[in-house]
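Order of writing sets the chain letters: A, B, C, D and E. Residues in each chain are counted from 1.
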């Protein structure tokens, strides 16, 4: 009955002696092509180029720009956005978005301050509690996203409002003044201290930001967990089928993001001296960090991009803002030009990538 | 030489007389299951249910809530968000996002006002020019997204800033008074007029919003263009391969969105009487419209959802805000609760969908 | 050979970063024939037909259609020249219905005012047509014509894509592995459909890894290897074993075959 | 039959809205056998193996593994029981590299402090392993092991997925149409690989529309029709035509076969 | 009876305290108070919805600090038509008789006082001063413009369009930056202006939180002692900063007082329909503004920080 079983494969005789040769093609070797290829392989270099171009342009336009003070000021101005950007990058890599980053940062800083001054808790403990609270808020986001399967945008839109409102209600809009903190709880201002090599002031906060970026870059590239974050953002269903605990990864990502925001909150105290519930970061931190992330080349659809790119993105925005303000006069025009330059920066990025494809 | 050519198909003899029967399965007929199925087939019904529940709750909590006046006030309060929501829905359906909707609306209203009062252009012409300007701003967004292939988030983040700044600069922050407009250019206030059947005031703006929603719902469901919008949002590559002019559709969508925003700007003049460049819609219109869109069940990843859902989304937010105000909660508590309710509304939606899957 | 090729390509090159998918590739399609394209995985078959149908723009090389040089900027462009293609990735919108997908880009409008002025789609007509075409392919297991594509099984999706191309192609129909996910019955229907289309005078390019199918329906077989055309053979002149040997590099074809 | 089934399912039901994909379906897999599952498109084959591998949760029915009832909450769950599956959709992360995908969820860490404390991945080892496995499958046309999945041809992707399952499956390996997009040479390698795996004592479930392949390697053939098991046959007892006739409903199997 | 309080925002301590003052008074008089606020500075749309909610809710009166003094007029008229008493707090409407009464501080005057004080304190240095202007926001809400222009007028700088800041041509102005009226904004704006010109020696700030931020930036470059900071508001932390020398002078306003008097007026209106009468010689009830400084200057009336601390509002 099985007369036809073997015949079908008969034509496969042709396979005998099949070549296993791999195609070899001539490679392009001109310098330009090599540069293009390198850019293609190292996407985070693209924002770097935009950055360098921006720095040079502003240096030519404004004589004060190239002073070490200016550059160190830019670094300290982006410290907070940079740390929030780390949190945002993690979330965006999983194809999510976190609108609550700024709110978590501000509320955490308020909690640290109020714990110390309202309840008399020692500052280091208050800081620990504040960090825990930030992580808990992040966890809530993650739980809603991963377990209840709500869209991240809406979850964090909700928690943004909730946390910000809680922040005002809890603090009764009271600012804790810088001189009081310096006197009674200097630990809160730790990240505001600085070293001054060659007379250039560099805040501890700047070192912290750089360290966080480096650590995250390592984790994302060189550990299994980092790969899972990318996989979840790339195609969550495929990741799940391939054996990634997507929900756990998501919850971890949001919790870690919350923790980073709380760290940013602590840094805010150091940088601003005081603890203020109405800090603009609460309202604008999300947009600023998302801008850094997107200019840095991380895809809002998840799974693509690098944290180092985000760092350059934050720097680009910082340089543009400072440069424009130094060159220009009217804040309204500055605002206008920053809008233009955001678009331009990304357009240049896109153009370079296309050229190298 | 072709001895083996025909044998391969020999087993296909088995196909002779193959059945063409389609599987038939027993259908579930309990009332609950039917409801679930209906909900599943009619996703825009879900926000409607949330809405009805909210209305009933507030009706019980606040005796004044169920008055016709209150309900008509809610409708007029959401007119602008509803129209911006139409613009936002179109963009979100193509997997984009438009952060500039509010800015376009405010700037268009300012242009209409200034054209009339600064240059003495007759109001109807000034309105036409304002609408054209809005469409042009939308076109710029669309061009950057479709041609230069920049991410919509970053494009509209940039144009948001640009347009808002242009708005302040051009208008010199000057508000045009209601009484002046009423006297010299009543056409600008057209949508602020109302009819009063049974003593309940209903603004023309409300009718306009309903008409726009209905028209868009028709276009999206029943025309080829509407299907293309969905296809582009669903999978742009597939749509392109299947013969949709994705870039053209994108540009059209953003241009139309810009036009709708300009219409919203015109409606703003009617509703507030005056023309004010600092109207908060410029800052908050984007978040408000996105909230409506997302609560209404349109996926931010594109291709899924209906404009009618957005309408209910806007209504839900309007009812919550009004209800909480009437119950007398403190503003921060209102923000807090609205945040909570945004999450809850979407959670309920998700839960119903899951139950019926 | 006296006839001119209907669709012809010369020296196509396509690079993806460091990978060269098409390496000076030539191609000819005669009027009214079924041309099979076979080759190893990654040989560049899909890249070739993507270049022919406007889905990618080759870095170098010319394409001529009916003797006139053409450049397709997009699939729609190729389609307006009558070239219809089923891609390996199928090119369907997952959230839209079967009928929506079949008519994407060439929807039918209602007759009369509704269609002309309000541009209303003629859904019943589109659904009827879609159902007919699927029935021709024997895809009766699709229970509901309004199902979205994402709820179909892999084979069902492929069936829909094939039905679309066959129904609308006017000059050339290109099928990239149309039966890969199809069952025995459904594959048979596709082969019948291919013959049907040819009998309407329309030539077909068929990419397939299924040698029996290829040898059954093809008039000529284009053997692709390492990004270029190795040779073109007639199924009557060579056995399947030969073809397999050529495409895997086990044997080298004589000069004669290359010229065929 | 004296042996107990290794993996067994009874009365599985899965509904998608108004579509019933599995309708009281039964299933048995004996230790060390190659079991083929064949059926029309949309018959519910993929749904069946998704239920067996934890990718979907059936609405009703029981699954037993080695005599013990199990419930798989997720694919990872099934995998920790030694069940490895290649899905029809392949389940790969397009933007990640081949090695990353092959080791997803079971990455190798560097030895020593770097691995233990800094949890650093051992990329060289992973890449070496990945390259070996692909070479076993004859996927030499992959030019660069660090290519991302999205730049691979359809067949290359499938090869990577198959290599992954075969390399790691310890109790059951499930392959849903593993050769659908593969070339002649690559298909042959997969069949060899399947035999290899069996010779390691691991049973295999193979879904395929390719009758010659099925009849060549399968020990038993599960014929699926309209969401349920129609019968199980031995390839030696029936011809391909019979199998095709059963699965398409052209013939009805005798009682004996159903019990097999 | 119920009354509504509608403030510009409810994140600025100024308005928070205003609300507390109103609540205390309302509780005392047995009035139910519902409070609303815009979401950001300049948000008149939320204020319109709030007025509509008050009307729908049947309140007796509305106290409002208008975000846009012209744009809100129609809605206020609608409320008055519906029989509510509308009192403008802090900021007069435009025209001023659009409200039934106005209990306000003169923000222009507040700016003028610190301008005069700064000029007098700097003496001859005023001619070559380098001034940093830390304003509120780029939408230039009316308080922002009034305080800024008042300060410049008081300092003797020629104004361009008095309805707009930023169009002055005097070279003594290093630049205008916006701060959102908080410490963070003040700090960043100050850093930026310092980068632009490190020799700044006079800083105008929109409010005391912005001043505190500017002080931190100056401290960071070691210039906190040779730069003069002036501000407006007179909140308790601000007065404390005056005492400690961080802020040179601030114009103190009295939001608690305004709110309390507003509530009393609504209570009176609810009882017998009487409407409050304006201050003698003005078209509004002036709740006053005083300069708080510990370094009084010739020709500018002021109180010291101890007195200011007694009068401060939170």
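To be clear about the criterion, contacts are C-beta pairs under 8 Å (C-beta built on N, C-alpha and C of every residue); 3 or more make two chains touch, one makes a residue touch a chain.
What you see is a predicted model, and the numbers here were worked out from it, not measured in a lab.
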Fill in the blank from the handout: By label, the chains that touch chain B as well as chain E are A
Practice task
Identify the chains adjacent to both chain B and chain C in the sense defined at the top.
Solution key: A, D
Practice task
Please state, in steps, how far chain D lies from chain B along the shortest route of touching chains.
Solution key: 1
Exercise for the section: Could you find the chain whose CA centre sits the greatest distance from that of chain B? Expected result: D
Handout entry: Identity of the chain that, by mean CA position, is farthest from chain A
Key = C
Completion exercise
Distance between the CA centroids of chain C and chain E (whole Å) is 72
Completion exercise
Cα centroid separation, chain C vs chain D, in Å, comes to 29
Exercise for the section: Go ahead and note the Å separation of the Cα centroids belonging to chain A and chain C. Expected result: 45
Handout entry: Set of chain D residues in contact with two or more other chains
Key = 16-19, 89, 141, 143, 184-185, 211-212, 239-242, 244, 248
Handout entry: Contacts with two or more other chains, residues of chain B listed in rising order
Key = 4, 8, 10-12, 14-15, 18, 21, 23, 164-165, 168, 332
Completion exercise
Touching two or more other chains in chain E are residues 10, 40, 138
Handout entry: Full enumeration of touching chain pairs
Key = A-B, A-C, A-D, A-E, B-C, B-D, B-E, C-D
Practice task
Show which residues of chain E lie in contact with chain B when the two form their complex.
Solution key: 10, 32, 34-40, 42-46, 48-50, 52-53, 55-58, 67-71, 73-75, 94, 138-141, 145, 161, 163-164
Handout entry: Residues of chain C defined as touching chain B within the complex
Key = 55, 74-76, 79, 85, 87, 89-96, 100-101, 104-107, 109, 118-121, 123, 138, 140-141, 143, 184-185, 188, 211-212, 215-216, 235-241
Fill in the blank from the handout: In the complex, the residues of chain C that touch chain A are 15, 17-20, 23, 211-212, 226-227, 239-246, 248-251
Exercise for the section: Give every residue of chain B touching chain C within the complex, in rising order. Expected result: 1-6, 8-9, 11-12, 14-15, 18, 20-23, 218, 222-225, 227-228, 230-231, 234-235, 237-245, 303-304
Completion exercise
Per the touch rule, the chain A residues reaching chain E in their complex are 64, 67, 69-70, 73, 76-77, 168, 172-175, 177-179, 201, 268, 271-274, 276-281, 283, 321-322, 325-326, 329-332, 335
